[in-house]
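Should a chain be cited, it is by its letter among A, B, C and D, assigned in written order, with residues numbered from 1 in that chain.
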Amino acid sequence: MRYVYPCPLRWADMDSFGHVNNVVYLRYLEQARVEWMFMTAKEAGIKEFSLGTVVARHEIEYKRPLVYRSDPVRVETWVTRIGNASFTVAYEVKDDEFVYAIAETVLVPYDLAAERPRRVTIEERDYLKPYLAAALPKSRHR
Amino acid sequence: MRYVYPCPLRWADMDSFGHVNNVVYLRYLEQARVEWMFMTAKEAGIKEFSLGTVVARHEIEYKRPLVYRSDPVRVETWVTRIGNASFTVAYEVKDDEFVYAIAETVLVPYDLAAERPRRVTIEERDYLKPYLAAALPKSRHR
Amino acid sequence: MRYVYPCPLRWADMDSFGHVNNVVYLRYLEQARVEWMFMTAKEAGIKEFSLGTVVARHEIEYKRPLVYRSDPVRVETWVTRIGNASFTVAYEVKDDEFVYAIAETVLVPYDLAAERPRRVTIEERDYLKPYLAAALPKSRHR
Amino acid sequence: MRYVYPCPLRWADMDSFGHVNNVVYLRYLEQARVEWMFMTAKEAGIKEFSLGTVVARHEIEYKRPLVYRSDPVRVETWVTRIGNASFTVAYEVKDDEFVYAIAETVLVPYDLAAERPRRVTIEERDYLKPYLAAALPKSRHR
């Protein structure tokens, strides 16, 4: 299963080359994560994520330039790994015609009060499991 | 050789968790690339980079949280691969005490007029060569 | 008549005090103007605005803090003055319960090729007229 | 007396028109305020400002377009009014040749714990007083 977030663009997301700036794509991924892990998970009774989850790592491949438009792009998010103290999510940024970017993020649940990483709880694991699926093949472009 | 960019932070780089947001680190890397490839290279007579260079891929690992401070962090940049139609740069975001993040970007020279990738020119290759060095070991954190 | 733009927030719009940062409200106003003057006006055959309109002045009053939420706020925009070489738009940022900010912007049509201000065209004037209404009273808070 | 903040630009401050976006100037003003009221005032023993100060109002006039450059612009800041529960600061964004913008902000000291405005303390007043000077004449451009 994938979490599908219709992500609104902003005109200011474009840089002086007239394309959505590469850094802003990460903002779209964050926005999808926030809706999925903070807002939606909270409705499902899982509030730990929003209390502290740290990004340990990003990997992103750009496929196609994006220009501002009124219609959102779709950020599709799923889980590719659930470990004891971290998990990995994958994304596609796309619309009905094109894929604009694919990406992967390693997330670490964090205890803000104690200021240190903590284990993934059973409730969190149960929330993530239905989204578990294979990672996208990475391009050889390195 | 490494290109060293003293990168000023902005208070607004922090998000509501009170740390520099993970997305903003990519802004720091961009800022280092702009100074190195647009401004410094232009002084050396290489202006093609600033006419069009596309980010094909980013990889970034976060090591330590950053909080706003008046003193800049150092973004150190070097080259880990020069191909025919792309090259890879590596970075460390650090100060005298800590490394905050390490990252890698694949860059593709781009002909904006013709709207397609182009080959790395001999002049560009010569500009990049002195910065060629080994990549950092990546963590097993995936 | 007012142009009503449902403006999506982003989690990253909040600063380290946990509120939408005051600077970001101006981004919301820009986004409303872009949809109204670039996208909607273009559909009505008015494309000059998007070719160049310069912000000469902003005035904004903050009424109430905003916190990230999935539901958009409403940016309502109208025109308070149409001059020969500039015009003024007013805005309310609100939802069904509260007004979060009121603002005013002086805009100057600009000829990007000639690099200088130009007069408001008759077509632009006709596009703006139905939106003409009184300005909001400004607070004495100065 | 004016507080002078050398404000570094970022390449990403430019929008797709190739100029520093009008919204970003407010970021420069914020950055000057942070250095002046959070960092410098704190060294002088005044820490209340950084505990909570709310922007009640901005007014900004744009004089000249800015393009990215490695050299900072200067944000000069002073005080034009000290009231019981608010004060007003004025700014010029400039370099040795040009003034790019002038602006004014009404600031309200805020008690974050009690969640309400508070009075300007005597220590704050003493810190602000040496910066007190006349406001800039506003243009008739409305």
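Some observations on this one:
One rule holds in what follows: a contact is a pair of C-beta atoms (placed from the backbone, for glycine too) under 8 Å apart; a residue touches a chain by one contact, two chains touch by 3 or more.
What you are looking at is a predicted structure, and each value in this text was computed from that prediction instead of being measured.
Greatest Cα centroid separation from subunit A: this falls to D. Each of A-D and C-D has its own count of C-beta contacts, and the greater count is at C-D.
With centres taken as mean Cα positions, subunit D sits 22 Å from subunit C. The mean-CA centres of subunit B and subunit D are about 31 angstrom from one another, to the nearest whole unit. Per-chain Cα centroids separate subunit A from subunit D by 35 Å.
Within subunit B, residues 11-12, 17, 21, 23, 27, 30, 68 each touch two or more of the remaining chains. For subunit C in complex with subunit A, the touching residues are 8, 10-12, 27, 30-31, 34-35, 38-39, 68, 70.
Within the complex formed with subunit D, the residues of subunit A that make contact are 11-12, 14-18, 21, 23, 68. Listed in rising order, the residues of subunit D touching subunit C in the complex are 17, 21-23, 26-27, 30, 52, 54-62, 65, 81, 86, 88, 106, 112, 139, 141-142.
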